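Same chain, two partners: chain A is paired with chain B first, then with chain C.
Up next, the complex of A and B:
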């Protein structure tokens, strides 16, 4: 393998040569401004959905703002738009300075910026319209997924070219974290995006059931790791010592916690699938690697906080340091809580409850948000060459945001633990104490109100910052000329003389970014291969070996409606082998049951009850009434009403193509099934409709989407109940 | 760490410590004005890390390589114990007889209790006055599963899951079920408005 090309090219003069250049700060400003814009959007949508859970009427009976469609918009906007733009702003600013060079290509930077914004706009339009793959944080449909891949590659190419053109011999720890981010996000995104299209805006993942679940949570967990953790640690390592004017506490700690973090994180995904039908060895790996992750995570917090030792008195007066200290503390809390939640017996109580929501928001509001705010308050005056408009307002921002985060997390902890315990409560006579799920919902509604207040405070505090920043930029001088910087060009180092790069092995590695990147890639591939491959080779996990009847065309169509409406954000389809749970929902789920599920729909949150064995539990008429007005059959329900399913017509002509795509994914449909798909679906719909009509439902029901949805709901768990699965 | 130990150290040790802290406080590298110090790893941190690794290995070897019980095994054990305990209880409280159930009809408080349960659990399907809806009319003399109180008791306990009638035996306590059955029987001949058409067979009393 060739080393850094700039170092080995022949035509370089041997004497160091001083070069003048300037940094591209325009791109940083652009990303920064979009951070502010998307931050406001993401938080606003967050508050809206919080209010929707407190009071269902805020769904307004409108499809595009119903909870199931808005929640994915909130998560995607918060992660990829708000945090994403912030990361890019910070990376572009710090990388150029740490490498003493301008980004390799302004054009690529521009494509990255505009491409990313276009992707966000596309997401903001398609998610409310119901175009979704139905996998958390990976909801965006195929065309957008492809665009993300292209833009990420553009970013990566630009970044690695910049690394090669650097004028700093060694790469600083922040850059290590950026490299890990760029490589791993690419890997995660590509592997979790392999879908087969049915139409332009509809596709099915190639994986099904347990395999899809494993890939998804390998992705989902590491999106947290490599989108919300590693880049932020990189930002922390640059902006915190800068803002404090103090040296980083320990280089050694940086090395140990970087490599252990990157290596261990990738294994932890299965802790989202404890007690599921994922093979137990994989669950156990997920748990124990999560436990081992505690120290590497805390390494970053310790290094950050100890950097500030000696500057504690300044924390009182400098809002930037306040945000850093609180942010790192929230990071420490979240990364202690994470390993705890990964322990099987704790997961048994906490999984599917609001405890997880508390955990996530401790991380996002407390760590990501506060770090972004610290960075913005530091960067804006630097970039616009002025002073912050109001330090006092920044303090108010801090305390309001802090209070908001506290109210949010404490209310959700309480809700989660309360509900988790209610679900499990069994009285001495051997009965569930709260057999009606709705009792456990009504109990926590007041906490949903409280949470909305916390979110509202945080949003309000964000607008204080917005105002502060707008005022700051408005008073900035209008000079345009960029600063000229100068630095020596690097002289090449011969392969035979690597000791010139340093005396410790890791120091030498820091002088070889290409080698560094390859090692990082290897570090994340090890865990990936060891966990994913065996589950993929296991024959029992695949459709071809199954004799079960696949979904009928109408059921499949109903399933797509289920995915479109985001029912999976409130309902799980995975009954765990826990006694109180099987008493409530029936026998625990089996792997075979989701063998045809492209994508799997196990869910991660039970705002409503589990639906894995719903089929046959209620008559069709019950569902007909429930979906139209959940409160009519379950007083106190917070589930949205779905009146549009009673207006919109089933597109029967779309069904054959769906079966065809499923067949090519290995689902055993016969040629007959394909040939008669439309006719079969029509007669199936008629059967259900006739039953309903005989019970007094209007005769127009037959072509309505609700029929397809009912067909799907009534199929759930039927194979097991019929004894087709042991 | 005990800071008073420091006093007892002889000069040589003191020097060593000073050297160490000096070395740790030296800036190793600088990037864009950011210095890097070389403090050693905090002992509690690295030892905590080792402990977690040891725990992880132990857990792995016990549960995956060794004979630690799997989640399913543990579940099965818990379930067997539960079923055994339930079976014991059932034996000691055999279902009430027709006479015993009929006697309940004379207890207004029991009918009242049954009404409460009916209103929270059953009206969705059987209507507010038992006139029927998704489920059959419970006030007429037509019964799908028989009109004796023991028969009604059996339906309520075991349900008709394939028709959408839940087995309440797993949800309500036996005594609550007696009350709701008594209440249903007390509805006979009340003729609420908008009754559902008769289902099942006419039962004469």
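Up next, the complex of A and C:
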């Protein structure tokens, strides 16, 4: 560290020493190329699932490309593979320049790169195979979660070591954003990943029900904040001034922007849980802080846009600036919309609908995507020492992507608001105007087609960029020798000798990454503690005073199938205390109902109806036929068919271990339950199977997975109906 | 048992305005402190220097400009 308080340095005169070194640009190039590769994959999978919603036949009856398994692949690929690699490329490039040093360890950089790609490949293989924890953007199973932790630590160690051996005393604001990202993502990932394994590829979160929901959305929202926002703002504060050739509009504003954003963001998670069984006060906190987020977000946007003061005429001719301006505008739009959606009365209409999908894609396609494109167009010619192959093509890319984003968001806004209003519509006699859920689905299918077209345009425009970049790299000179630069080494300064910095001592903050990191950590921990701890305490009391019976072994097994198939991406299990909703689904959900749910399955999107009170609504045979061919019982349904549940056998022997792990998580199974788990599950399955067989179903049904799933579906909401919950 | 039920009720259903106020108060403190910090005397030149950091490229010793 350059600011060691060593006694000896106090008396020694400063001897500036000029040092030669080169930047590690090979690592930047690698991350950049993988950004392009994974970007194509993420967008392609996105278009596939968009088409699957427009026409169910595109699920092809194949387990590993069915919507419920592919959607998590799309979100994970977009966030962690596409945006992730772009972030790393930008961070490695800008950090080395801002700190006037090479990364501390090439080896660690390489481990980071290869480790991250291996994780992505593992994700791309396991998610379609149905290995999932069942929590959004945290689906990856335990072994991969552990690998992420290790690779992240490698990245962090390398990063902080680089900070310590920097040749620039002052730390530019972009680096602050990177540090906040590194620290907070580590915290979020670790806390939300505490799972107990059942087998190598199956684990249960230690949290249940409302606790799990709160931890998950504290994580989920801050994945948006600290993976899709803070690093991108850091990149914006570096690459926008670079591209414009102008300093940031207001450095002061960037500091206020930083601290306000970091402090406020961490509180906002509960806006995903409005009207749920999360305690009222936590919902209120989440809502208030979400509304407040609008201010720092717009502060950042304004700071970015005003950086172009005097350069606006260049936006017409330079595609890079075009992408920056449009990206910042989309950022402004998304960060206005977010606070709006966090207001309870707006959330009442918008939650569970496609409005949220529009919101997310305004942010990801418009803000993250465009910023990445701007960065790529700026970086590639620099790194490969050449000119962009075609500026004209880049303009075409811009307009096609812009149009695609617009079509996407407008169609999803329309779909969301239409469906939201249809769900709520009550006629003067007090009845639901659209009691059949499917009516509200059929209405918006044309918009699903339109959305797919928007997605196609965006994907197509991405391929234009890919072509442009490949051509650019192909015509680059083939020189291999790295560039050598030189900078003065920083002389260690004793803390007692701060005046040597030429500034008054209080300015030392900007030069002290350690102090800064601690302050950032405090800022994010304060909100975390105040929100999480009371909910944990409250939930403990609920669990302790509960007399509810946990799931039977077969039901639990069926629940795992529900998680594996990603039913939660289309179905919620959380009925809000809103009149039209209780009229449609039954009594609103109670906290006790999910105390044994590791993980919670409240969902966030209703492409299909809520299932919290499904038990007993239909006979077993209905489910048997529905899962085999949803359109046979509900014409017009877009739900995929699940033929493999009628082929694959239930692994009854796996059930005792599951109960055992659940018991160690606090679910009150008795020793007897554990000892008889397999036999109980078999006889439970036989009971359901016998009923079905008597109704004409083939006799082979008893060992099929569908039986376990039916057992679970019929259990949903049963405790409430039996009067076990008030 | 009564006490436990009471704690549960409070934590579940009440607004707990204390926590909301505490959150806001903490934020206002951070916000105002940051404002005072960035407008401290003599900081203008300092920030003007910082602002230039991304625009300063080191000269390449082996020819081309970076």
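One rule holds for everything that comes next: the second predicted complex is superposed on the first by the 695 of 726 C-alpha atoms of A that agree within 3 Å, B and C clash if a C-alpha of one lies under 4 Å from a C-alpha of the other, contacts with A are read in each partner's own complex, and residues count from 1 in each chain.
In the analysis below, a residue touches a chain if its C-beta (ideal position, glycine included) is under 8 Å from a C-beta of that chain, and two chains touch if they have at least 3 such contacts.
Only a predicted model underlies this, so the values are computations on that prediction, with no experimental measurement involved.
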- Message: Following the superposition defined at the top, how do chain B and chain C come out on chain A, clash or fit?
- Response: clash
- Based on the superposed arrangement, let me know which partner A:256 touches: chain B (first), chain C (second), both, or neither? both
- Go through the superposed model and pick first if A:336 touches only chain B, second if only chain C, both, or neither. neither
- Task: Applying the touch criterion given at the start, work out whether A:486 contacts chain B, chain C, both or neither, answering first, second, both or neither.
- Result: second
- Given the touch rule stated above, what does A:526 touch, chain B (first), chain C (second), both, or neither? second
- Message: According to the stated criteria, A:435 is in contact with first (chain B), second (chain C), both, or neither; which is it?
- Response: first
- Message: Looking at A:281, would you say it contacts chain B, chain C, both, or neither? Reply first, second, both or neither.
- Response: both
- Query: For A:463, is the partner it touches chain B (first), chain C (second), both, or none of the two (neither)?
  - Reply: neither
- Applying the touch criterion given at the start, work out whether A:64 contacts chain B, chain C, both or neither, answering first, second, both or neither. neither
- Looking at the overlay, what does A:201 touch: chain B (first), chain C (second), both, or neither? neither
- Note on the structure: chain A residues contacting chain B in one complex and chain C in the other 94, 97-98, 100, 168, 170, 172-173, 238, 241-242, 247-248, 251-252, 256, 260, 280-281, 284-285, 288-289, 292
- Note on the structure: In their shared complex, chain A is touched by residues of chain C numbered 1, 4-5, 7-8, 11-17, 19-20, 22-24, 26-27, 30-31, 34-35, 37-40, 42-43, 46-55, 57-62, 64, 66
- Message: With touch defined as at the start, can you tell me which chain B residues reach chain A in the complex?
- Response: 27-29, 31-42, 45-46, 48-49, 52-53, 55-57, 59-60, 63-64, 70-72, 75, 78-79, 82, 85-86, 89, 124-125, 134, 161-164, 166, 170-173
- Once bound in the complex, which stretches of chain A touch chain C? 20, 94, 97-98, 100, 168, 170, 172-174, 237-238, 241-242, 245-248, 251-252, 255-256, 259-260, 263-264, 267, 279-281, 284-285, 288-289, 292, 382, 385, 481, 483-487, 503-504, 506-507, 510, 523, 526-527, 530, 534-535, 537-538, 541-542, 544-545, 591
- Message: Going by the contact rule set out above, which residues of chain A touch chain B in the complex?
- Response: 94, 97-98, 100, 168, 170, 172-173, 238, 241-242, 247-254, 256, 260, 275, 280-281, 283-285, 287-289, 291-292, 294-296, 298-299, 302, 306, 339, 344, 429-432, 435-436, 577-579, 582-583, 588, 616-619, 621-622, 633-634, 695
